[in-house]
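Following are the structures in question.
The two complexes that follow have chain A in common; it is paired with chain B in the first and with chain C in the second.
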Partner chain A sequence: MNIFLQATFEGLSLGAVYSLVAIGFVLIFRATDVLSFAQPAMVVVGAGIISYFSTQIGIPFIVAFFLGIILTGVLGLILERTFLRPMVGEPVFSVAVLTIGIDILLRVVLDNWIGINPKYMGDPFPSYGNFGSFNMAGLTVKYLEVTALITALMLIFVLSVFFKKSKYGVAMRATSLDQEAALAQGINVGRVFGLVWFIAGLLAAFAGFFITGGFNTLTNTSFISALRALPAVVIGGLDSITGAVVGSLIIGLTQAYVGYYQFDIESAYNIKLGNGFSIVAPYVIMFVILIVKPDGLFGTEEVERV
Partner chain B sequence: MSKRPDLFTSYQKEISIFPNNTQKFWFVTLLLSSIYICFIASDYWIILITNALLVSIAAWGLNIVSGLAGQINLAHGVFVGIGTYTSAVLGGVATRSVIGFEMDLLIWLPLSGIVAALIGVLISPIAVRLKGLNLGLVTLAFVFIGSHFFSNLTFITGGSGLGRKSAKLNILGIDFNSGYEIGNFLIQKNQILYLISLLVTVLLGLGVKNLVRSKTGRAFAAIRDRDIAAEALGINLFKYKATALAISCFYGGVAGALLTTTFGGVEPGTFNLLYSILFIAIVIIGGAGTVLGPLFGAFFYVLFPAIIQYVVLSSNLSEQDLLITPQQIERIIFGLFIILFLIFEPRGLWGIWFRLRNYFKAWPFSY
Partner chain C sequence: MKPLRKQGIIIFSILALVLVACGGATEETSEEEVVAEEVTEALDSPAVTTAGTVKTGVGITEEACPEVISNIPTGADPTKGCIYLGMLNDYSGPFGAAGPALDIGQRAFWLWANSTGGIGDYSVAIREGFDASYNPQKHLEGYNSLKDSVAAFSMSLGTPQTLFILDNLNEDDMVAVPMSWWSGWAYKGVDASTVIEFGTQYCADGMNAMDWASANAGPLTGGLVDINTVGIIGYESDYGKDFAFGIKAAAANAGVEVAWEYLAPPTEFDVTQAVGLLVTKPVDAYFLATGLAVAPQVAGGAAQQGVTPFAMFLGTSYNDAFVAEGSAVKGLFESGLIYAMSFGIAPYEADTVGHATMRQTLGQITDSASTFFVGGWGSQYHLKGVLEGALKGGDLTRAGIRRAATNVTVSSDGMMPEKKLGSGLPDVASTITKPDGSVGSGAVVVKKDYVGPSASAYDWSVGPCS
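Moving on to the complex of A and B:
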């Protein structure tokens, strides 16, 4: 039972972090009809900038943290303006491939900077308590995970208020419904596009820190964990924010349960799932769900006309 | 050569593989000169060109499913991997850790294509149900599941980090692994591989050209342009999407089988996400949906690093002086080229070639 609770908690925290990336995907997809494969790279870029400022330049962690987040947002803004804006109205396939190009560019620069040795974030979390974790009712809980869970929930709440109440939130929702109609209503659609990429960048950087913070460290493979937000989005449905959150939680829980129970399952059924199955498990889940529901759990079914 | 090469008097003539004598002339000239190259060029260039030819076969495969039939496939590298391992198992030597049957090239080459195609057909029900971006994402899942299998099926692949030797080069019972002597003239293994690759490339290239003009090719184009409309016209979406995927996988499998034979060995980590994206880059840079595009893209991809390497070597800079390694420069330029070609020349290198050709057709008159 303890293992189950432990896995559940870790899964939820992981899922909450993935959901930040996933919401970024969904925002960009809804407003601009672009599926951004560059989003996982943005996650790593965010972590990289934070690590650079706090460990190499040596400014206080909290300043570096917010600086990194803002800068990643600005990077998103710049990417949208330079590469994505000329592609408005092009086929979705072309634009998606273009974001793969952006992804390669960002990752090459970053891989080169990270090198072989893992980079620390310079955050204070590992020094809290017993190597960054404390005991609660027999569970080992990491401070980083608790913070991740709380921050993610808060950000999701702030975002939902932003979409409902603020002027730009409403403009964004209008744009995602119909770009031309929004334009006709006097909404600056270009600015909304930029803003969406900015917010997606912010969220990516938040997630980047929580994925690589503490003892996790930033390595050349951090990108793979960030990429796991993709199956989350697909499970939830590409255009649903609720779906993104639910999908992320499913992915996070799957990963945690597989990590903890793989050995038990293997010995109980006498099968071999192989090393690193917890990395593949989210994709298997995505597979199964897509066979049953091609638009994801919460996605709107596409109405097609000839 | 006819005086009015663009005048077609019948539909049959218009869709023929070589519509005019100029094209026939260039095809034969290129073919003969590439056979001739085999006997004068150094080993370095022969291996390089062999690679380019094989990569273009794989790129043709991706082009069939993505460029012609319009279905995003981010997992082409996995199918190349399946072909690779089929060939390695059937044609390779068994060791303590891996299995191998030491079969003939004439058996393992077609079979590696067929096995890849069969796996393509197996997963096609999933791929057919989805479309557009969702399909792209599912194929992304194939990449991860595929590499999981590759690194865990150690009796086939040798396991990650270790790898295994590729297939042996026995054709019709004759062992070509250390060259072959005809009289007192020795043909190297590389030269034989080059000639085989050339033959396969020509055959499969003509196959693509033939496919484009056939009923199936037209159905692919209709599906790409608007699948609902295609369905309304009576095209069986399921059948044609599965066909496209199967043909694409066949090309990938054949290319993979020969590619690793040129390298001599293969490690399962090769077939990662970047490997699959590479083929997308090649198709985009070359020109999606065209027959010659992937060929251009593949030659660009293979020869470009050689040029970078040459520039780096000749500029007297040591690796430490440079901020980034030649491989990284390569990848940066690939990323940039994907972006720039998509924004400025969506038809890729083929588009540039097309415009050049048309310019010189009427030269010096611009119209």
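Moving on to the complex of A and C:
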């Protein structure tokens, strides 16, 4: 039972972090109809900025953390204004390819800075309790993971309030429904696009820290963790924030359960799923869901006249 | 464009291509020096040049080497000729950060070697390194761009990349030093003596890690650890598979049970699963052969759940960053429960004549004690021995150098054990280190040149471990 609870807690924590990346994907998609492949790069750039300020400049971690978050958001804003804005009206496919280019650009610069040695975030979590964890009713709870879970829940709550109550939140929803109608109503759609990239940058930096914090470290392969949010948004539906969260939790839990139970299942049923299956399993689920519901669990069904 | 003109351009292009293709393979020129006496000794003879005639070929000039290449002095004697070497390095890609240190280590070695006599009437210089970005296709491009201007390659980084150019090396009679320690490099049947291996290979490291841990874990932990069951975690790669093979062979010898093995490709490696295994299927010790990215996550993740077994890490899985000030895992790695195999050669501070020479020379260039400087420097010793062997045989052509590589005993001022190349016997002596942030390399030597009972008894003539 303890193992099941342990796997469940770790899966929920993983899923919560993935959901921050996934929400960024969804926000940009809803506003611009483009799946931004630059989002995983934004995740590691956010972590890189935090690490730089914290461990190389030497400013207190908490200041470095918030500075990193803000700067990554600003970076998102700059990317939108410089690369994406001139592409308004161009085919969606072209813009998506452009985001791949941005992804490569950001990661090349970051990888050169990272070098061969893993970079630490300079966070205090590993020094708390037993190597950064404490025991609760036989369950090992990691400070970093529990913080990730709480932070993700808070951010999701704040975002949902923002979308419902704030002027810009409503403007973003309107823009996502119909850009031309939003323009006709006096909404500054360009500003909304910028705001979307800014928020996606903030979320990416939060996720970046939780992916690379503690023992995890930032390396030139860290972006692969952020990439796992991609099946999450496909499972949940590309245009649904609820779907992004649910999809992320499905991915996180699947990864954790397979990680903890794969060897037992293989022994019990005398089968061999192969090492690394826990990473592949979310994609298997994605394929199954796509067959049953091509628009994802919470995605809007679209019928196009051909 | 008029059809006739178009045809002319096409014909011209084809002719140009044919000419380029035909002219690609530069003929080896032979220059003779003063003829004094006949060759009477084998290549593997005492250190005197017995051949009076020294044939030279591609990549060797009678003009002196440049004074400086890549901003590092070559130390070349202006009155001597020059033996040029090529370098297939990574300055970008996953090992891009290691490239400059490997580059400097090799150039520093030849700076020292040239200053102390060079190779007969020649100094040695490495041409500007080619950035292969850990990409086999780019590796081949680099090889093709350099092969007609060098006598040998001072480095070919990576096992898959070197395997990719193996046929080309064979066809061109070219030798290269691999910057990898795959168990296959010791066998003529694999590389046709075109690859001049150096340092302890991963498979023997696996055997020695298991044997050393079995014998020493108890005393080192005050009797707390008695190794009866072990787990293996690693990448499904040349080093992961080699290391795992060695551990399993030694475990079978020692009557130790390998409870589980988790080898996954680097892109599919799941830290959660590795930690899950350590937690749910406890073992007395585990052996890890991954890259640097996941090693602290696995050790740290298990420690967070209260699981801190005795552990031995392959050299690829450990570096000084883990025990540097501010590292999240410093305490864990310095706890005395984790040990690391060296990266092919004993670390920077090791007490050998070769290490002292390296420190003295490199100290003029850098203040870093990086493992990659050691790898770069140490990798050139055997190549130097091969060039000296070829000189003794009076044949510094590529064929002569290759012939020397099949039958010459090389030494390295104590950095590595003396070795007879082409014997089919790999280097099996390992250096075992303990993580320690108080030294530059982040590791102090616990045991150098350790050969456990399994590596001693293993029949190495059967071929590569993986």
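Operating definition for what follows: the second predicted complex is superposed on the first by the 305 of 306 C-alpha atoms of A that agree within 3 Å, B and C clash if a C-alpha of one lies under 4 Å from a C-alpha of the other, contacts with A are read in each partner's own complex, and residues count from 1 in each chain.
Operating definition for what follows: a residue touches a chain if its C-beta (ideal position, glycine included) is under 8 Å from a C-beta of that chain, and two chains touch if they have at least 3 such contacts.
Small disclaimer: the values here were computed from a predicted structure and weren't measured.
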| Of the partners chain B and chain C, which touch A:N112 in the superposed model: first, second, both, neither? | both
| said: Just to be sure I read the superposition right, which of the two partners does A:P86 touch: chain B = first, chain C = second, or both, or neither? | reply: first
| message | On the A-aligned overlay, A:Y269 touches which partner chain: chain B = first, chain C = second, or both, or neither? | response | neither
| message | Applying the document's definition of touch, where does A:V280 land relative to chain B and chain C: first, second, both, or neither? | response | both
| message | Which partner chains sit in contact with A:L230 here, chain B, chain C, both or neither? Use first/second/both/neither. | response | first
| message | Touch test for A:I102: chain B only (first), chain C only (second), both, or neither? | response | first
| query | Once the two structures are fitted together, what part of chain A is touched by chain B and by chain C alike? | reply | 108, 111-112, 275-276, 279-280
| If you look only at chain A, which of its residues touch chain B in the complex? | 29, 35, 83, 86-87, 90, 92-98, 100-105, 108-109, 111-112, 230-231, 233-234, 238, 272, 274-277, 279-280, 283-284, 286-287, 290-291, 294-296, 304-306
| message | Under the definition above, what is the set of chain A residues touching chain C in their complex? | response | 3, 6-7, 10, 14, 55, 108, 111-112, 114-118, 120, 122-123, 125-127, 130-133, 135, 140, 142, 214-217, 219-222, 224, 255-256, 258-260, 262-263, 275-276, 278-280
| message | Using the touch definition from the top, list the residues of chain B that touch chain A in their complex. | response | 66, 70, 72, 126, 129-130, 132-134, 136-138, 140-141, 144-145, 148-149, 151-152, 226, 228-229, 232, 274, 277, 280-281, 284, 323-324, 328, 331-332, 334-339, 342-343, 346
| message | Using the touch definition from the top, list the residues of chain C that touch chain A in their complex. | response | 92, 94-98, 236, 260, 262-270, 272-273, 275-277, 279-281, 291-293, 296-297, 299-301, 303-306, 319-322, 326-329, 331-332, 372
